[in-house]
Each structure stands twice: as C-alpha cells, then as structure tokens.
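Read through the structures below before going on.
Both complexes shown next keep subunit A, but they swap its partner, so subunit B is in the first and subunit C is in the second.
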Partner chain A sequence: MYPSVIEEYLRPGSVSEALAAIARYDEGEAMFLAGGQSAMQAMKSRMLRPQCVVDLQDVAELRGIARDDGALRIGAMTRYVDIASETTLDGAFGALRDAAAHVGDRQVRNRGTIGGSVCWNYVASCMPAVVLGLGGTLELAAADGSTRRLEADDFFLGPLETARREDEILLAVSWPAPAARSGSAYKKWGLVRDALPVVGVCVTVTLGSDGNCTQARVALSGLAGGCQRAPAGEDLLRGCNGDADAIERAMAAIADSVETHSDMSADADYRRQLIRSIGGEVAATAFARARGG
Partner chain B sequence: MKTITVTVNGTSYEESVPERMLLVDFLRDRLALTGTHVGCTYEGVCGACTVHLDGEAVKSCMMLAVQADGHAVTTVEGLAGADGPGPLQRAFSNSHGLQCGFCTPGILMNMSDFLARHPDPSDEEIRSGLVGNLCRCTGYVHIVRAVREAAREMREGASGVQA
Partner chain C sequence: MSAVENSADWLGARLARKEDLRLVTGQGRYLADIVLPGMLHAVFVRSEYAHARITGIDTSEAAAMPGVVAIFTGADFKDTVKPMPQPVVKPNLPARYPTFWPLAIEKVKFHGEPLAVVIARDKYVAEDAAECVYVDYEELPVVRDPEQALTADSPLVHEEDGSNEIFAMTLTGGETPEEQAANAAAVEEIFQRADVVVAERFRCHRTGITPMEPRGVLCDWNDSDGLTAWITTQRPHIDRLALSDLLEIPAEQVRVVAPRDQGGGFGVKAPFYRENLAIAYAARALRRPVRWVESRYESLMNVGQERDQINDLEIAASKDGKLLAVRNRGVADNGVGTIGVYWGFVMPFLGAVELPNAYTWERGDVSLRCATTNKAALTPSRAFGHFPTRFALERAIDMVAHKLDMEPAELRRRNLVPSLPYTSVTGEYYDSGDFVKVWDNLMAQVDLPAFRAEQARAREEGRYLGIGFACGVELSGVASELLVPMENQPGYGAATVRLDPRGKVYVFGGDAPGGQGHETTTAQVVAALFGIRPSDVVVTTGDTGTTPFGSGSIGARAGSYFVSAVAKACAELKDKITRILAHDLQIEASVQHFEFTNGEIVYLGDAAKRKPFTEVVERIIMFPINLPEDEVGGLEHTAFFEAAKPMICFNADCCIVEVDVESGNFSIKRWVTSEDVGTVINPNIVDGQMHGAIVQGLSNAMFEEFVYDEQGQQMSADFEHYKLATAADVPDIEITYAPTPCPHTPLGTRGIGEGRPSSVPGALSNAVCDALRPGSVWQKIREARG
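And now, the complex of A and B:
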C-alpha cells in the first residue's frame, strides 16, 4: 500500500500548462491528479503506476460553481464539500447536493472532486450516476487547443471507462437552465452511514402545467455494469402524476429489467429490492421538488 | 526527489522528499511528529492519520507529501495552545473519550475542524461527522459525549460565560 516510484511531480497553474505537461509523456505514463480520494488508493495498490503525476490543485479555472440565468456549470476540481454546501443547488439540481453531502466522510469531502469522480467512473460511486441521471454535459479540452462537449450518455462507457482520452482534461460539468417544474433527487444504500453505494438511484423529472410528468431520467449506481440509465422506469414515469402506485410500478419495472449481481454486500435479489425501495423514495422526492415543495 | 516547503504547526520546513512519499510518512518519519497515526496500512479507511491542511481535516495517507508543498499542516502536536490542552482535548480527558487512544489524534483533528464549522451540533451531526474515523475499541458513546462537552465549553467560552 505505497505508490510505485513517481519520477516527476508537476503542478501546473493553468489548463494549457496541464495539457502540455501530459502531452510530454506517452499514453499511460502520466496522469492528472484531482482530489486524489480514488486515485491515491489506486496508486497505493499499484493499480495505477504513473511515471508522472500532474497535480491540478493550482488550476483555479477548474474550480467553482457558476450560475448564469439558471444554467449551472461546476468546474471539474470543485470539491464535494463545496457542492454539498451550495444551497442554490435545489429543485432540478437537488440530486447533486443529495449525493455530495454523503460521499465517504467529511475528510474525503474536503478533498474529493466531482471531476475526479466522474473521470474515474468507479461502479460504487455516486457522482457518475448523478451526472448521468441529471443529463449533464461534460466539457473536455485537448492539448491542441480543441474542445468538445459530450453528453453524459456518451461519456460513461462502463466500469472505470469514459470517453475522455488521456490527453484530454475535463473542464467542467454543465447544464442549461432547467425547464420549469423540474426536480431531482438521489439516495444510496450502503453497509454503514455514507458508505459506498451498494445501490444508488437518481431520478430527474419535469412536470407539465397539469402536474403530469413530461420528462424523466433515472440512473443507477452500484451495479456491476457501471452507472446506467433505466429506460423501463423512465417510460412509466412519463405521463404519471407521481402517485405512489405509478412510482412503485416504475421502480418495479426497473428492478425487473436491470442486471443485478451478488457480492459480499448484497445478493442480486436484495439489490432489486433496494432499487424498488430507494427508487420509490427518490422519485417521490424528485416529484415534490418539481412541484416546488 | 523534490524539495518542498511545508509549514507544520507554525514552523516552516524545507525538505527533499521522494515524489511518492505519503504526507503521513513525511510527518512521522521526516519530522518525527509521530502523533499522527497509521491505523489501516494507508488504506484511507481509519482516519487515524487525519491532519489539517490549511485548516481543513484531511487524511494524510491520501496525499503525497509533495502535494502539501506551499501549504500549512497542523498535526495533533499543534492542537494545544500556549497554555496547555484546549477545550476539545480537555473534554476527551474529562469524558473519557478514549480507550486505547490509538484513534484519538485523528478524531481530535477531525472534530476540531468539525466544531469550528458546527459550533452547536446535535449528537446525530457529531456521529455523521465521525464517519471517517474508526475507534476499534468501539468507544463511540464516550467520544460523542466528549465532542458534545467540548462544543458546550467552546460556546460558553466564546460568549464569555465561563462555567
């Protein structure tokens, strides 16, 4: 449990310097270090053996939560503690605070970042499922000066896999101004308080003026296949008014349609039960937030 | 090797360290500040190595020493004031907030940051704040009591109403 030899440690002061530093090394030899609350574990277990570590702590342009006329942009180096304490993240963005406030423990939340979490895309983590469930856009920049924007659906490819190339840096996760009457929520269940999610559910809904759901996104964490949408449940949520029976049917459809696995934390059937239980609670909260309650 | 300058407990140290050295080993092996403990072979799960980085509680096994270059670190050795143990330390003594004591430095460092941000916490908030620290003696009841007592004493001290 000690990192392998690191030959060079760099602390660039800007995105362009960070990208230039990574570009000097061949693929797989250098890595960005954000908050390090996952990456340091992987380095100590020798799963990652970087020759060069490019520490992003001084890149101020990667930090911060910006609101512009309802739109939201969260810099990749923004920490969980900063997201959890950002009280403007309510209603449509409530899931972000739900998740950030319960990642790991307060020491982890003082260091860990949203960007580090989504780029690592560990199966038992909350932020990838929340960004997917909220339909975020991931802004990436490359050393040649080019940038691209990827929808969350195209960014998360599977456990520990994303569409980010090694020579790219994640700048931010962003959302346009949400539609009126939108709400989101996230909740996880773990073996002890704030533990890694055995199962987590994120629900986002938008309601029409009649109170019926017009748009729905559901994403799950904790499954062996990685963070994933649950279209079976989304279809059933659309059109409903959020009554308990409709939510129960939607979550049952999700539990029946996704592939769950058994491990030391929970068996496959229990994971299905967790999806129904947590999912029902989360969906009810998302509807309430969409109604402004 | 990289030369770093770190302020620890108010003293500035300039040291040449291997890039892969963990902050906890820098504190213990280079600066001989062995109050910061390693309770889980650097797995990041026990919280015994918790220190303050620029005033915030972090696990020092989850950082490289080079990452602390230019920053201020406070360890448990720096927690006491000029006139001896502070209210949090006294409360742990008075409320018997420890059994074997191995986890205590990390808990003190986490809770001193916690109380600075939550001066009047409920027991539930204290327990949530302690999630990142394992007491393998399972002495949490007394630990929670000690934190609660410390919070009370600090509030009364701040308002000038000494008990």
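And now, the complex of A and C:
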C-alpha cells in the first residue's frame, strides 16, 4: 500500500498559488489534497496516481465558518471537527453538525474537510447529501481568475463525479439567511458506530406561520446512484404539519420510489426500511428544530 | 506500588503494566522499527484469481527497473527449498497434507496466494516493480462451497490428493471403526427413546482476528553466523527449527527473534508461514538483509480467517430436563490449507473435541469433515476452533429448553458437570474447578425472575427485551498429551531465572507474547516469591538465542505453564539461597524456615537473624568461599513445568438485549460474566483479557465477515468492508469472579483468555431469540406489510 511515484508535492499558501500549481499540469495529473481522508487511501491503493499533489492545508483563506446576518459561508478547507463544534449551526443548519460529528473517527474529523468530501462525492458519505439536502451553493474559482456559483442540485453529478472542473478549486459552500421557522437534520445508519452510511437521510423544512410546511428538501446518501433528492417525499411533506402519520407517508413514498441496491452491508429491502425508519426520525427532528424546539 | 505493604501481596496486586509507558508513548519497538544497514524491502506479487493455472510469469520489465535487486518466482524454489509438509510443522493426525513451496508453482489456489516476490532498495520501488510482473493465467473452476467440495464430481484444489477431504475424524466411541459404529448405534438408541429432540443446522461465517500489527519478517544472513530472522511470531523456537529444516541450514546457524513488542497475535502469528521462508531464502541468496512488512490488504486476504463451519447438531433430552446425548456432523471450510503447523483443519479438530462443553452427556456422536476450498487457509484465531461448535451447542440448548418450557438457565445448571475431574464424551479431560459455583455466581448477578417480569411489562409496551446465557470450558495451557498429536510439539513451560550480584532478577522465556502483559505478571510472581519489587525483575521473551525452548504463546500458556515454570525455578533458587544462608548463620534450617519479604530474608525461628536479599545474592554469586560442602556459587536455574493432566478454566456469560422490531437493530443492555480463572496474579490484566475476548466475540458475531464472491474473489480486504466493533459499539462489561485455585499449578493460577470469546455468540443469539419469541417479530411485520 505505497503510492506510485509522486513527482511533486506542493503546499501553496493562497488560492491563486494553488490554482497556478494545478494549471502547470495536464488534466488528471495533479490533484488537490483537502484533508486526505479519502484521497490518501485512493493513492496508496493506486486507484489514483497523481504526478503532483497540491496540499491545501496551508491556504488559510479556505478555512472558517462565517455568519453574516444569518447567511452562512463555510470555507472548503473547514474540518469536520470545526463544523461539529460550531454551536451556532442549529435550527436550519442543524444537519451540518449532525453529520460532521459522526464522520469516521476523531482522527478523521480532525483532518477531513467539507470541501474534500463534497468534491470527492463518494456514494457512502454524509456531506454531499447534507449540502444537497440543505440546498447549498458551491463557489468555484479557476486559474484565469473567473469564479462561478453552482447550486448543489447542479454540482453533484453521480458517484465520484461533480461539476467541478479539475482546474477549479472549491472555495466555499454557502447559504443565504434561512427563512424563519426553518429546520434541518441528518442521520445515517452503518453496521458499526460512525461507519460510512449504508443509508443516510437529510431533511430540511420551512414552516409557515400556521406551522404547516411550506418548503421541504430531502436528500439521501448511501444509494448506488450517489447522493440524490427525493422529490416524492418532499411533495408529501409540503403542506403537512409534521405529524407522525404524514412523515411516515412521506418516507414510505421515498422508500418506494428510490432505487435501492443489495450489497454486503444491507439488501435492497432493508435499505428501504432504513429510509423509512431513519427518515421518520430525521424529519421529526427537522420539524422540531423549525418550530424552535 | 507503595500500596503493597507485604511483598507477598504482589500476587494479586492491581499493578499498572510495566510495558505500558513505552507502548503509549511511542517508544515500543516493533518489527517495522528494526532497520539494518543495507536492508532491502520485499513485496509479494499475489494471485488475482482463486483458482488458475499459471501459464507464464514475465518478470523482465520489473527486473530492469532501477532499484530492483531480485525477483524470485516459484520455480526458483522448486529445487532449492524443501517442500512442506516437513515433520517439524506437521501434526500427528492422519490427513492429506498438501505439498507446497513458499511461492505458488504451476497453479494458484486462492485469491491472494503469493506467486512471486520482488526485492528492491525501498518499498516504493518494490511495489512499482510488483505491478510490472505480468502473470498469465488459465482460469480453473473455483471450489467455493465445502459441502460441494466433498462431492465426487467437485473440481480439486490439490489435484495430487485425489480428494478435497483434507481431514475427517470421528471423535467419539473409541479408536476403531467398529467401536465408533457401536457408539453411534447406542447414541441413535438414545435419540429414539428421548422425550425431546432438537435438530438444527448452524452455520458460522468466516471471521476471526485482525491484530493491530500485521505480519512481518526481517532476515539477515552472514556466512559465519548464518541466519538471524526477526519475525512477528508467537512461536520463535518452532520457526527456527522449520527454517533450519526447510532451508537445510544447520540448526546452530539459525536464530529467530520475536520482537519484544508485538501488536497482538491471537493465533494469527502462531503458524509457520511460507512468506517467512521466502524472505529467509532471499536474504541468504542475496547476502543482504531483507524485510517484508505485510499490508493490511494482504493481511485481510491471507490470515485471521477462521470459524467457517456448518454444524448439523442434534440433542436428545428427557422431559425432566436431562441432556442425554449430543450428535454433531461438522463440515469445515478449510480453505487451501497451505500453512505450516495448522493446515487449516487443526482448529476444527479442536473445535469438535471441545463441543460437549460443561455438560454431562450420557453419550456423544461427534464427527468432522474438513474440505479444502479455493480460499485462504483457516488460521488460528483466539477461541481456537470452537467458536462455531460452541455457538451451535449453546444455541441448541436454548432450543431444547424452549421445547421443554424450561428456563434455559435452569436447564444448563441441572446438566453442568457436578464435580471434577471429569472426562468428556470426546475424551477431553477437565481437571479442576467448580462449574456450579461459577454458574450460581452468575445467577446471583442477574435477578432472573425480576427480569422476566420486566420483560413481560416491556412487551405490553411494544418493547422487546431478551436474556441469553452460555458457558465455556476452556483450555488452560495445552498439555503435551494434546499438543503432541495436534501440533507435534511439547506442552511444557520452560523458564530460566537468573540473578545478578545486585539482586536483580532476569527471567527468560521461549514463548513470544504480543501484548498480554507477561513482563508485568512474571515480575509480580518473582517479586512475591523473592520478597523484592516487580521493578527489580526484567523479563526477556522470544529470542531463541537466549531463551529455553518453548512451544510458543498459544493456548493460554502463560498463566498455566510459563509462570509455573518461573515459580519452580524461583523455588529451586530459594532452596539454594537458604541452604547457604543457614550455613552462614550457623543454624540448622532450610527454605521453609525462612521468609523472603520486603527485600530481606528472615529466619522465622529468630527474627533477629535476617539479611538483605541483595547481600545474600551478592555473596553467593561474587564471594563463593566458605560455602557448605558440595555447594558452588552462582544463581541461575532453568525449570520445566508440566502438569500430569491437561488443565482448564471456566466461564459463564449472561446477555440482556433490547430489539427494535421496526429496524431489526438490537442494543445490548447488560453483559455480565462469571469466571473461574484460578489464582489471579494481576486483576487488571485478567479483566483486560476478558474485556478483549468478549468484545472480539461480539465483533465477530455482529460485524465481521470475510466475504468471497462467486469467483472466489475476496471482497473484504479492507476495514471499510471488514467491519470491526469500535468502543461505542460494545456495552459496559460486568466481570465477576468465582475462582477455584488450580490444584495442579504451584501458585493455583490458570491460563486464561484464549478460548474466552467462544461463549459470546451463543449468549448473544440466545438473548436476541429470547426477545423475539415466539418467532421472529421482524419477519411477521414484513409479512404483514407484504
């Protein structure tokens, strides 16, 4: 488990230096290292064979959680541990902490980053589904100085695939100030504690003044197709007041509509059961958080 | 340490382990920390297929890469290394022992089998070159299923054997087929007249052990001294003999050193492995030190795989709750079997021996067949062999209890062997202890009637609680009468105890521990016997150049055989010390008239006659004048210990679970144990053995599985797929003790910990099934939902 030849290892101190370094190599020959909790494994098993590794750990401008009048911006190199410890991420952003607090083990949470996770977009991971379920915006910059903003719905393409070009760097994931009475939650299930998700569910709801749901987003992790929205359930959540029966119906609709697969961890039926049981719990938490409880 | 007032109290003191400071501060020295000048690095090229003929190996591109020193393939060994089996690593059990060399020749027989080894200046280059060794294969039909492997039309793993049945044995009734058939008929007669019969097929999946430190070997050759091999091993003395025999190096020119610090063995480091032989060969051929450190990926594909077995088990019982007879037909998935000492089938063999457990069967009919398949060989994994048989038996006993409408705990207690010694229906000898005392102690921790009431209340609320029990007779060391036939090795323990002129004590043992705490427990024994402090005692293990022969750190040998040999050696030395001291004091006295305490030797007849231990020791070693007649100076003794008969320890488990019938998940609410471990040397270490063993049993049962696909490809070669329990996945474990000192060891100690995981899967599954009685609620919910 030793990587193939890596000719150059760079630790730029700024985004512009990082982009310049990547630009010196042909596509596919250089890669960013954003914590390395997945990429290092892939390199050691030689699934990835980069000629150059551009390690982003010294790029201070990519780190940090910024709040501005309710809006949220999380730098791409912000570690799980920092997200999990950020107590202001409650209510509408509760799902971020739910997920970050249970990624891998303490060592992983001390090195792994949100940006690394969403750009890697592994099927059995939490952050892509949470960013999708929360409807985040992904800010990308390219070497020519241009920047663009992609909605999560357009960013995640499929397993290990995103809309990020290899010469682009993810700067941050951001959200505008959430509507009043918004709440989100995330939970996963794996065979052992804090394992990669066999199934994970993220639910975000916004309630009207009457307590009924006006907006809902549901995203799933652990499915063979990669992280994905679950519109069947979102439709059923909208308009309901979060009572147990309505949630149950919504999650059953999701479980019946998504394509689940069988593998060593769970069979397709059990994955559907997990979506129902975890989803129900997560939705109830999201409603409670939206109500301020 | 000041808490201990009387130095005799070192025996039983809850001391922090002597080895822990260096281990937790990064100062441990493991195999991969040893670096020799000019050392080369090895990487094995391993088979991509489970079963294929090798039609060509092209090493030319790899050999030409800068930094590559040599590449060996199977052909290089065919005429230069003796093939296995060789007597030193071959049990005295009748079996079809496949012939094999360090690297595959002609065909590969499992996914991951080594077929070439690249030696290079560093590990990176070696891995680069290993990728460029091109192997042509002609795929063969894969033998996957052990029962199909035993059918006449199955493809053969080892073609020259003419059969995939590597080993078969009937363990009951006697030696001859006629005696065995008569016994089987008598057992059948019991089944015919029994009030209650339970018959079930129990399958135990392939799981076992994953030590934190995988395997490794570093070999150094020079023409005058020969071979020095540092090996991650539990049995350096056997490795030494095997290397000598197979490479035809005179024995005096082979030294094997097990590094003082090893990251766990648990059985995985007990076999003699072909990789070690290949590296020793390379070091000799190249006259350079060569090191191989196994990757986790290789480790998960090659070792630690055990348990894989089907047991068709039947129990006959009377309506008043008497267990009458047990019948079992085991079929073990042996894997390829190409590992020295064990060959895959030695574990299932012992598992069949240990099947009857602690119960008084009138008769048993127990037989076993082991089938070679295109999978990694079964390798020893703590709870050697009997994890699947004990699971089957303990689960079946609950099924009998349900048929009788009797509490499973009560059925067990009624059928425990009431007094020892006792010989089981498979011929296993249980020397001493008190099973009923251990059981009653367990039940005293668990208020069963109160639990049943709580369970009933919970059920009304839609909550599903369950309770499960199991117990286990375990080997305390492996006696020669079992180890000679089973592994062709002696069972005795051996220790050299050497004193120096400063009164310090050095203990040398030939076994090779992997973190069990030998340095601490041994030092406590010596300190208690000599009346000194554990910090005055240095323990050296695992170096064949300095230690007496030992069969290895296996089968709970430390608390049984090794410390007993240490105690015997100390007794001999105390005898000599007091003979000379009595002479110096001009008194007529011998050892029983003296107390060794708090650094002094005190004459019990007159407490004024006392001398510092150090002073007496220095006098005997450094000033050997005016000695009693026929005495000479010096203080060193090697002692061997073997009890007249095999010895055991015993434990019982209780598990309480709550099952979530919606998701099928369950949580363990309580895990309570009762243990007979004999005299305890260090309670911390004994607690640790129990915690580790129970966690391992839980992890094996709940999370871990080695998985092969239809083509025999290994699908679980990383920790994403081979899932281990974490601290958060296991309950608090309540360990309690009901010990009976062993009458056959000098200190009353028993060897513990080796077999301990085996009662875990039974207790756990009994609890889950108890929660869901009658029938599976989860199943019913699914059926209702259609």
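Methods note: the second predicted complex is superposed on the first by the 293 of 293 C-alpha atoms of A that agree within 3 Å, B and C clash if a C-alpha of one lies under 4 Å from a C-alpha of the other, contacts with A are read in each partner's own complex, and residues count from 1 in each chain.
Methods note: a residue touches a chain if its C-beta (ideal position, glycine included) is under 8 Å from a C-beta of that chain, and two chains touch if they have at least 3 such contacts.
Just so you know, these numbers come straight off a predicted model, no measurement behind them.
Engineer: Just checking: does A:Asp55 make contact with subunit B only, subunit C only, both, or neither of them? Give me first, second, both or neither.
Structural biologist: first
Engineer: Of subunit B and subunit C, which one contacts the greater number of residues in subunit A?
Structural biologist: Of subunit B and subunit C, the partner in contact with more residues of subunit A is B.
Engineer: Output check: A:Asp235 vs subunit B and subunit C. Expected answer is one of first, second, both, neither. What do you get?
Structural biologist: neither
Engineer: Classify the contacts of A:Glu151 with the two partner chains as first (subunit B alone), second (subunit C alone), both, or neither.
Structural biologist: After superposing on A, A:Glu151 lies clear of both subunit B and subunit C.
Engineer: First (subunit B), second (subunit C), both or neither: which does A:Arg46 touch?
Structural biologist: So A:Arg46 only meets subunit C here.
Engineer: Tell me which partner A:Ser277 touches in the superposition: subunit B (first), subunit C (second), both or neither.
Structural biologist: In the superposed model, A:Ser277 contacts subunit C only, not subunit B.
Engineer: Of the partners subunit B and subunit C, which touch A:Glu259 in the superposed model: first, second, both, neither?
Structural biologist: A:Glu259: touches no partner chain.
Engineer: So, does A:Glu161 touch the first partner subunit B, the second partner subunit C, both, or neither?
Structural biologist: neither
Engineer: Return first, second, both or neither, reflecting whether A:Arg193 touches subunit B, subunit C, both chains, or no partner chain.
Structural biologist: both
Engineer: Where on subunit A do the contacts with subunit B and the contacts with subunit C coincide?
Structural biologist: Subunit A residues touching both partners: 1-5, 105, 192-194.
Engineer: Taking the touch rule as given, give the residues of subunit A at its contact with subunit C in the complex, in rising order.
Structural biologist: Contacts found on subunit A: 1-5, 45-46, 105, 189, 191-196, 264, 269-270, 273-274, 277.
Engineer: Show which residues of subunit A lie in contact with subunit B when the two form their complex.
Structural biologist: Within the complex, subunit A contacts subunit B at residues 1-9, 11, 33, 36-37, 40-41, 44, 53, 55, 57, 104-108, 110-111, 192-194.
Engineer: Mind listing the subunit C positions that touch subunit A in their complex?
Structural biologist: Residue positions touching the partner: 123-124, 127-128, 131, 295-297, 662-664, 702-703, 705, 707, 715-716, 720-721, 723-726, 728-729, 782.
Engineer: Please name which positions on subunit B make contact with subunit A in the complex.
Structural biologist: It is residues 2, 18-20, 22, 41-44, 47, 50, 53, 56-59, 61-64, 66-67, 69, 110, 113-114, 127-129, 131-133 of subunit B that touch subunit A.
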